[in-house]
């Protein structure tokens, strides 16, 4: 039977396995190290940076030693993902928000200063605007108040959570500003999403690999390009790139923490409750996560932003009680 | 026609071949050859290049088995035992019917190990002492002992060509064979080394039945007592060496030994 | 001793070699040879294998330059010009002193291109028409025209061995050389093809100075007017072919041509 | 009895069998004289040893696959197991842990419940392992006895033993076929599932590639941009670098260089082929790409990207240089010296000889080599993953970013490993295309090269 | 044959005048082109060699610093420090818990501030406090007085100390330098540690060990199978369909892109057989499948080069075919087989792509204890580090590349040595 599959092959794992967001990855790995330092005898968790979506799929594949215990996510779990989890027997999932990430829109410090709105970005990058192929070549074509610099945006690949966040937080917002599209949203939601998020290809929108460092280097060398990446990379490379204000608000720590900056998103971890108490160390690891994400923790050092106090308190409570997620809350 | 040649002339043959044909794939290389190999004499196979001497020689210890396309028909007996019967073990057959090749081919091992190899795999020696005895005796019989006794651990390939060939003969002798087949053993050697080998063949005669293939008619005349002349896969004539060279019955033989062709 | 041989006997030599020695690394392959190559006659080089015939032949058009270890000492002149002097251009020298090799070596190109190759690289033809003329004339002189005129675009390697060798001769002729060197040009050919080449040499005589290396003494006797006998890197004897074959001065020559060794 | 001890015992008894067989055979030879024995005593020994050792080992292999589930069933049947949680995963984990403690692999359990199950586990394990041990022992002695009794004076032990050796060799060779079959089946199997969702036609001819998780939209799976990127990088840019440099290096080293130079330069150039691709990828991304981008900007090329086809292609080309040059080297060397002599004797210069005689003659070999190089280049992964980018665009601008089949396979499969999503399966379909293309290239290339070799043999 | 004389009347021309000016000009042109061609060839060789040199120089330039580590002296006065651990407790054996509860992080922060001013905590590597704890565990007497700990610097300080860093870091270095607190030493942690998020603490031993274990699995599987298969194909196989299929399979496997092996491993070993992901076991099996054809091909060439006369000789004294092979052919072919094996192993050691697909692209900090533990390998570690945000990893990546190249080049050099040493011409 299925019980001896894990039992007989001795497949009970003695280390934690976490998958998911590349944004949370640096924090998760540091937490893993601290967890080992604080808990003698524990093995270091194995952490794979698979992207939120990819991680979700693996996380939801089932309960058992062969499946990950923890999913790091740079967005909230989707209803569809939750349903898939449930269908595969992963019924009890604990959701904890660990912090906030900002999607930085940035350019080289040497470039002509830009200030954009989500609408500008949408108009510059959408494959079709107003049902016609996008012909804008320079930012000025998009918005006469902007300089006549060629549009060239480096962004994350369509599979990453950063891209998802960019889509949700910026593109769709910008798209909605168009009344026609807004109308479409009401009538044909799928069509709306598709036409809003169908992006132009290179040279306008250039999909980048996972290596955001390269993107920074590229921006530094090409002052006229615009880059989209995690806030941490912006902070790490202040000497080379600067944030571009969105709606007049620059991607700075305070603005992101307060939710004022449009490109901010919460970060979560999801825990398979069935694994707690079976795989050694999950509780302690989660505790370490929250410790690191707390006041004075190293979350900040990783370029991420602390959750507001109320959210943090809720997270601590959830972790302590291992309260499970109600699928109805999800979209 | 081959039937018209008496294969015998030897009262007590060591080996007998009857109606032997050999094919390489579809090509017939030996056609219906019958011949007896005498116990106490040296038999020479002569004939122009490609006439099948080597092919026939190799049927006598089943070395042709290693060529996938080769196929042998007819009867070959060693002391009355059919060597192609399933009861005959080819490994033992080759121990009993040794072979020396055209190009000296010592193993890239020490001189001692070259000679000891055969006795070892056949389990002919009970221990080191006995093995030493066999090695020494074989090298002595091959006339090489005096030259190598102080350097038995040297590589066999470090010897001169003639010494190598004698080493190969010693190696063949070491397994105590009954027949020794030699395929142009001197053709890669200089005249002095050749003379040594011929002398050696002379000494070995009587102890082993010897068959030698040669291109060199003078050599055949010098070392053998019986000669078989092959042509285009046929055995043309077989008899006393003196008869063949002085008084051949067939014109083809005559033409060959007088140098008309070949 | 080599000095005792008169290199001359030809009033108006095309090429003259004086005290030529050739080394391969430290090994001396040609020792102090002096010889004249006659303008209107065929000169044959004979001698046992390894005596240096090819080596010496290749010094005459500096093909030895391509062997890194080879080194030539002494004087060789072509129409009085020192071919090893720095003023002599090796590329032009080889156009003037053509060469035909033992194994036919047509280029893997069409018959036409094989012959046109030399004229093209040397710029001997002004245009297609002139090139056609040269190709046709060369093939005619080499006695190959009739056989190949309908298939000039076929590959040169598709011809028979004898035809290939004649193609190589045509190729050499096409650059309008003054001397043609042939290194055992018939040794890879059957008797019929050989006869054709010999006939061809006969016809080319007088138009080109020809030097031919051969193993076959009958051939030397048939095609050449002068013969040089080499032995162990030395020029043993040089003179009229008839004299060498009927009345050799040196015993070594005599032994060789009567087949005592070689 | 523990596994290692059992193995030790089996091997030990095998050795005893070997000694016994040999001794028995020696006895024959004393009776019948030396030649009486068909095979050396050693072979008799091996015969017995094989009979003694092989059957129990096979039995144990099978038994060790079967017995754990028997053990678990036995444990579950004990009263101690009644208190196990119903949830399968915890059950399994607790059982597994109890098992590990029982087998001495673990000192203390993480799950307290495991402790109660240790004793039942011990009992069950020892019960079933005794069955295994007894079974193995029976087989061992039976085989031993069978082998031993068969030894006779004229018994052909060597033939038997050698048959086993030959069987082993054959099995080893069959692994190559198994691997190939494994590759082909796994690719085809998953690809069929993919083509159930996306039509092969849309996949092979579509020009839009942006697979996303979730619902399947066949329009997202047009692989043409990937094929184009692969060709641009592997078959065009890399070859533009590798063919001239490789060919000219081979020509220089074989035709001009002094032997000493050749002797040193050849291995040095071969180092280029030995550098791991991840190093090339890093070098391309870190050093070459930015430099090329600067250059492109300097000469005014639009859309120059830091992850350019050019960077990946150039570095890949460099990696392939030794490959092309050694293939060219082989082909040039296979052109007979007489051909070269013939040309030189006509009064042509070395370069004329090379260009007009040697290269045309060597061409089939060189072409074959280039085809092999192309197949290497289009299958190369790390360089493109790190330096070529992921934008599936059909640009002909070498300074823009393109993506390749291999880069997309990696992209699609790292992370999302759930096996029924079209995204994952698409990777296998891409793999299948890649496999078929490289296979065809190789077959054609090898055939060309072989034909060419035969021409000069 | 036509009479040449008749021919001449029609078409003969004047003999070529080789000294005519246009001929001489032509010759000069031809020689010029000859020189050009030669220089093109030379430049091709030079360009290839230059690229290699450039690559090596860049890697060494970037990476050599990775083998050293900037350390900062941190004086701690335990009399005043905000930490209370009883040294007697430590000696008593129940120290573990005492240490675990003590706030060493706070201690380091306090001491750093005390010594170098506020914010000086940032100068030290994130894991520095762990080292303090370890030292105290080893020698509880340290708690009794003043001690100076020599702790690894944070990576930006490290960079600033070795070359050019950020303005802030340069200021810090100046300050520390003026206090003679900086030192540089061999980075032992790099050579003995596993992966870490802090470049100052990250090491390659975990990856190297993973590589060694993976190679072990590869060797154990690929070598015997490869050798046996090559023996079978070269010495025994009759020419038939089966042999043909085996041959074709092997030749094709040697040319299949490595990523395909990753797909196979994912589909078969992981999904079908449920072997543990990220483990040297799966990695080794996958690479073994790739290496085996290389060994078979090298093995067959080596076996082929053993002259047939040796086989004849052995057969002639009555050796069986198995004896011929195992007594004569195999020993003579072994150096060639080994050479091929080393080259194949070197290739496997540098391989990354197939391992990406079997979960080796992960943060794995503990060096693997066995072949089923999660593990990464050297090239994968390079790939992972090349992707890291922290600039300190640039140096580490190149340093890891140096380590990998050193291992690979020595393997290749050994193979070349073997080949030259045992190359036999019979």
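A few notes on this one:
Chains: A, B, C, D and E, in written order; residue numbering restarts at 1 for each.
As a working rule, a residue touches a chain if its C-beta (ideal position, glycine included) is under 8 Å from a C-beta of that chain, and two chains touch if they have at least 3 such contacts.
Keep in mind it's a predicted model, so treat the numbers as computed, not measured.
Chain centres here are C-alpha means, and the one lying farthest from chain C is A.
Top-ranked chain pair, ordered by C-beta pairs in contact, is D-E. Using the mean of the Cα atoms as each chain's centre, the chain most removed from chain B is A. Relative to the centroid of every protein C-alpha atom shown, the closest chain centre, again from C-alpha atoms, is found for D. For the pair chain A and chain E, the distance between mean C-alpha positions equals 33 Å. If you average the CA atoms of chain A and of chain C, the two centres end up 84 Å from each other. One simple way to say how far apart two chains are is to compare their mean CA positions; for chain A and chain D this gives 36 Å.
Across the assembly, chain C contributes residues 91-92, 95-96, 121-122, 175 that each touch 2 or more other chains.
Shown for chain E are the residues in touch with two or more other chains, namely 30-31, 320, 361, 386. Multi-chain contact residues of chain D (touching two or more other chains) are listed as 158, 285, 349, 352, 385-386, 414, 417. This structure has the following touching chain pairs: A-D, A-E, B-D, B-E, C-D, C-E, D-E.
Listed in rising order, the residues of chain E touching chain B in the complex are 238-239, 307, 309-320, 323, 327-328, 332, 424, 426.
Every residue of chain E that touches chain D in the complex is listed here, in rising order: 30-31, 33-34, 37-38, 40-45, 47-49, 51-52, 55, 58-59, 224-226, 228-229, 231-233, 236-237, 245-246, 249-253, 255-264, 266-268, 271, 289, 292-293, 296, 320-322, 346-347, 349-353, 356-357, 361, 379-380, 382-383, 386, 394, 397, 401, 404-405, 408-409, 412, 416. Against chain D, the residues of chain B that register as touching in their complex are 89, 91-92, 121-124.
Across the interface of their complex, chain D is touched by residues 61, 63, 66, 68, 91-96, 98-99, 101, 103, 105-109, 117-118, 121-122, 168, 171-172, 175 of chain C.
Residue ranges on chain C touching chain E, taken from their complex, read 89, 91-92, 95-96, 121-124, 133, 136-137, 140-141, 143, 145-146, 175-176, 178, 199-200, 203-204, 207.
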